[in-house]
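Below, subunit A partners subunit B and then partners subunit C, in two separate complexes.
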Partner chain A sequence: MTALLTREVRRERAEQVRKHPPFRHRLSKLDSKVSPYLFVAPFFVLFGAIGLFPLLYTAYVSLFDWNLGADDPAFVGLENYRTLFADGQFWNALFNTFSIFLLSSVPQVIVAVVLAALLAANLRARTMWRMGVLLPYVASLVALTIIFGNLFGPQFGLVNSVLSVVGIPPIDWQADTFGSHVAIASMVNWRWTGYNALIVLAAMLAIPRDLYEAAVVDGAGPVRQFFSITLPLLKPTLIFVIVTSTIGGLQIFTEPKLFDPAGGSGGGAVHQYQTVVLYLYQSAFQQFDLGYAASIAWTLFLIVIAVAGLNFWLTRRAVR
Partner chain B sequence: MKRPSFVVYGLLAAFVLGSAFPFYWSFLVASRDNSVLTGDFTLVPGGNFFANAVRVFDTIPFWKGLANSFIVSGTVTVSVVLLSTLAGFAFAKLRFRGRGVLFLFVVATLAVPTQLGIIPLYMAMAEFGWAGELESVIVPNLVTAFGVFWMRQYLVDTVPDELVEAARMDGCSLWRAFWHVALPAARPAAAMLGVFTFMQSWNDFLWPLIVLTPDNPTLQVALEKLQSGYYVDYSLVLAGTTLATVPVLIVFLVLGRQIVAGVMQGAVKG
Partner chain C sequence: MRPRRLTSVLACAAMSAVTVTACGSGGATSQSADGKTELSVATFNEFGYEDLFKEYEASHPDIKITQRKAGQASPHHQNLFTKLGAGSGLADVEAIEEGYLSQVMSKASQFNDLGEVGPKDAAGDRWLKWKTDAATTKDGKLIGYGTDIGPLAMCYRKDLFEKAGLPSDPEAVKSLFATWDSYFAAGDQFIAKSGGVAWFDSASQIFNAMHNQHEVGYFDKSDKLVVESNAAIRGDWDAVTKAVAKGQSAKLVAWSNEWNTGFKAGAFATKTCPSWMLGVIEAQAGPENKGKWAVTDAFPNGGGNWGGSYLTVPKQGKNAEKAAELAAWLTAPEQQIKAFKAKGTFPSQVKALSDPALLEQTNAYFGDVKAGALFATQAKKVAAAQYKGPQDGQIQDNVFSPALQSIEQGKNADDAWKTAVQEAQKAAK
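Take a look at the complex of A and B:
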């Protein structure tokens, strides 16, 4: 009986609390409901305002003949894009961007895998070696580009001096299209190879040892082990490395901008190493043609998204 | 596991030497005078480094650039780490309507090249009167999608749900649960995010070059001004790059071990 009574009383009290919860309780409920949104809000508000909105507004600007400082930009529809697709300098910049990207990504991935295999050995002073290969990554990009510009100088550069010792005639690393691409790609490679090697190394160390033991039992040598076990299991990591370097590589700017002090924003006398972002910079901030520059930006944006999407699709296929 | 042969050490040593060489070359050129730079090269430094360094200070506002870079990168780092941890905590440990969709949005924007929005951003900065001021390089970098993603992934496994619930039972507000439970637990990941954010901000060049002026630059923009013009005085320019490299080398010597660990845990570049 007492038990029943207390239960009833309890239920009554609970009911009361539900209807008129004490202030503290109500506050706590409000806290649970609202606080999560307050926690994520700063990110979404700021990201929307400074990340997404400018990107979308770029598409809007690209529909105008919009000059820096001019008051009344005229709506021109897709005129900027029509001009852009007939613009040889744009296609040239796109070619240069992809050329530099290929020259940097392909050798880089190969060397990174080899380097990771070396680092995966049971080394003495392991961390020191890992730090050693990461050294270029922390260096200031502007400083490095200036240093490499000096090393690849066409007249007195160290690279040509070394080549002449071996008997190779000097190469004009600035005037020559392919030469300048190689020089710029070498800066990218120098900076990122060690970094990517460490990412690959992390994936390599995660491969279970007994797979190799089983392979040894089956009589597979080190080379066979590498191609039949290591490489296939590294695939997702390699694709990740390639995707991130694609997104960065298509937006390359600092290296071509500073490669040759006299080259300026044109990317060399005949734009032989002008990249898309460099052309965008030149159009917007030296020719002050914001509408046209916006159409370059938006086109490049779509290319990056398309390439990233393609990468994603390939990843899905590769993983399956 | 047996120790590798000397061939492995030899190859690695060659690679590390190659990695370090451009730094040394920069110092080498900076320590000589320009007239000897005519193709013949020695690997012995000369005695002109301090004279060249003084010329750097006379040519560009080096110290101002250095101070500006510290202010900008410091502010950006604090903001990114704090806001990312806050949002990451909510995504990892709190239940709310729309959480899945909102987080999917964060993941989807990881690959979006926001750098391409610079034209409207420039218009906005001109409108606000921030062009040339440090606000213009700080404000656009206050948050990153990567930061939120990174902190969420870390907190989801590190902080037990029970801990947050226990804090709630004890009458903690969610804010206090964040401050006293999540933030201390997030410290290792937050530190790593901080180091990477700082380095990225420190190296940022395209946007500061657009909005800042030569008399109020970040270090990178100041360096660029050293080599403008048709005649490039390389002993001067490379003295500048050597000086600019010193702070990052110090950071690397102090934090190198953590940076290596961070990269290997899958930190993504810019």
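Take a look at the complex of A and C:
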């Protein structure tokens, strides 16, 4: 009897709850459903405002013949892209970008791995060496570029003075296409090699020592150890380093911009070192052709994704 | 219209999320709490206006002036054009440099006609005619009040001239600088005996000076690009590139570090010299070259101008008349002489050019030459303002200068000409 009663009372109460749930109950329900979204919202709101929105809006702008300050931009569909793919200056800029990218990223990653291996060894004043390689990264990029621009001056530059002492005729680092690419790549390498070396070093130190001990027991020398243990276990880090340096390398801008002694955005007298981002900048802020610049931006975005993806795939396959 | 509106709506939404702003209005001026009208003035480098602002505030108790000062011309103008495009955010009075004037003139509808909103006593005859003409639209609207100018003279190295057997006295060299033909001929004579020292710093510096003397430049008055049909341009091009081929150019890009070093190392013997260049030469050549440089009041084929600015009143501002009144006061001869005394900006006002303070000014680095009087003479030699098309500055800086540089770097002159014409067409599109 009592059991029956309590059951009935309980059901009644339950119905009451369902009909009129108390305010606090509703609040806590809301809390459990909505709060998590609120907690992650700052990231998504910020990303939406300064990441996603500009990205999509750039795509939108690229469909217009849009001049800065023009009153009524005309919709032109894919015309900007059509012009872009027929534009010799764009292909030239793309070639320069890849040339500078290869001249910087390839030696950079290789030297970074070698440097990391050296820093992992038992050195005296280890921390000083490790911090030392990071020094160029701390220096201001603009100051660095201006100094390098001076060093590579065609008439009064230090590099040419040194070369002439060794007996090599001076190179016109400004006029020569390959020369200018080497000069710019050396600025990139100077700045980023140490940074990448430290990332690789951190990963290298995380490799368990007993693997090396086992290898020594099996009779492997230092070189064999490096290629059979160190490199394969560095794979995730190498992927990170290569992908980030691909993204950075294809968007190179400050170095070629400041390397131009005239201070323009043309990247040399005949655009011999104008990169894609520099061309984008020139289109947007020198020619004020925002629509065209937006189409360059999107094309570059897709190229960067494609190349970074390719490098990701290659690195995963190559280092097993 | 649609895309524009979308931007401003979004910009407004983004802004009001941070602060409460009045969207769609100038926003630059406001009535402050004590009933004063606030006027903002945006300048770059040194206009020498700091003390003048205080003076104006003292005589106009209802005005409060705020100054926005940019370090360099290039970011100042980039900001100007961006905010013209955005439709808000500009100062009540915006300074504009001569090199950017053509771009501003193509957006003249966004500026107040100073003949209309400005005080009547600030009429056109206050300034040198060519100075005012350059800031007047085809239908007669005055966009800017002239502040300073950069009349061209010739600077040269006395010691190098003597070594090469040329006359070196400021009076005697005038015949060398009479025409461009005599200038290049003297260059041939000079490099024959100079032992590797060049005649001028770079081809584009000479070409631009030659170009600006013509009545018609890159564009005709209907804004049609005439680079190919204007024989004068090709004439200048041929004369300069011929001189480059003979080795008269030091191949130093203006304003580069190598150019600066060139002054110190004595890499070239002559320099096209606007009034403000004396300071540049003194700074770059340094005390060890004191007494070697001289300047003379002659310039090939007459005169010329390089540099100088204007004060404009954009339509975005709310207090156009008060802003114009301030701009007119600042650009009056009496005030420009004060600015000249403060920062050495060379005045563009007719009356100021005969002011004793200007005429008595000397330059110790250039052998105590009466620089003020010398450049005042040169300012009166400028014939007329060349009509500038909307992309004129761009074609000069980003098309012809790099093309001439490419010749100095060893490219074929005919190919460079073809490239220049092509790029000019692209820029003018």
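Going forward, the second predicted complex is superposed on the first by the 275 of 320 C-alpha atoms of A that agree within 3 Å, B and C clash if a C-alpha of one lies under 4 Å from a C-alpha of the other, contacts with A are read in each partner's own complex, and residues count from 1 in each chain.
Here, a residue touches a chain if its C-beta (ideal position, glycine included) is under 8 Å from a C-beta of that chain, and two chains touch if they have at least 3 such contacts.
Remember, it's a predicted structure, so these values are computed and weren't measured experimentally.
In the superposition on chain A, contact of A:Leu198 is made with subunit B only, not with subunit C. Residue contacts after overlaying the shared chain place A:Val277 against subunit B, while subunit C stays out of touching range. Touch counts on subunit A: comparing subunit C and subunit B, the chain ahead is B.
In the superposition on chain A, A:Pro256 contacts neither subunit B nor subunit C.
Shared-chain residue A:Gln155: touches subunit B and subunit C both. Shared contact residues of subunit A with subunit B and subunit C: 61, 146, 149-150, 155-156, 261-262, 285. For subunit B in complex with subunit A, the touching residues are 1-4, 8-9, 11-12, 15-16, 18-20, 22-23, 25-26, 29, 37-41, 83-84, 86-87, 89-91, 94-96, 99, 102, 106, 109, 111-124, 139-143, 145, 148, 168, 171, 173-175, 178, 199, 202-203, 205-206, 209-210, 219-220, 223-224, 226-230, 232, 234, 237-238, 240-242, 244-245, 248-249, 251-252, 256-257, 259-260, 263-266, 268-270. Those residues of subunit C lying in contact with subunit A across their complex are 1, 3-4, 14, 74, 78, 81-82, 84-85, 107, 110, 251-259, 261-262, 265, 267, 394, 397-398, 401-403, 405-406, 409-411, 419, 427.
On the subunit A side of its complex with subunit C, the touching residues are 49, 60-61, 64, 66, 68-73, 146, 149-150, 153-157, 172, 174-175, 261-266, 268-270, 282, 285-288. Interface residues of subunit A facing subunit B in the complex, by the touch rule stated above, are 24, 28, 31-33, 35-37, 39-40, 42-44, 46-47, 50-55, 57-58, 61, 115, 118-119, 121-124, 127, 129-144, 146-151, 155-156, 158, 161, 190, 192, 194-195, 198-199, 201-202, 243-245, 247-248, 250-251, 253-254, 257-258, 261-262, 277, 281, 284-285, 290, 293-294, 297-298, 300-301, 304-305, 308.
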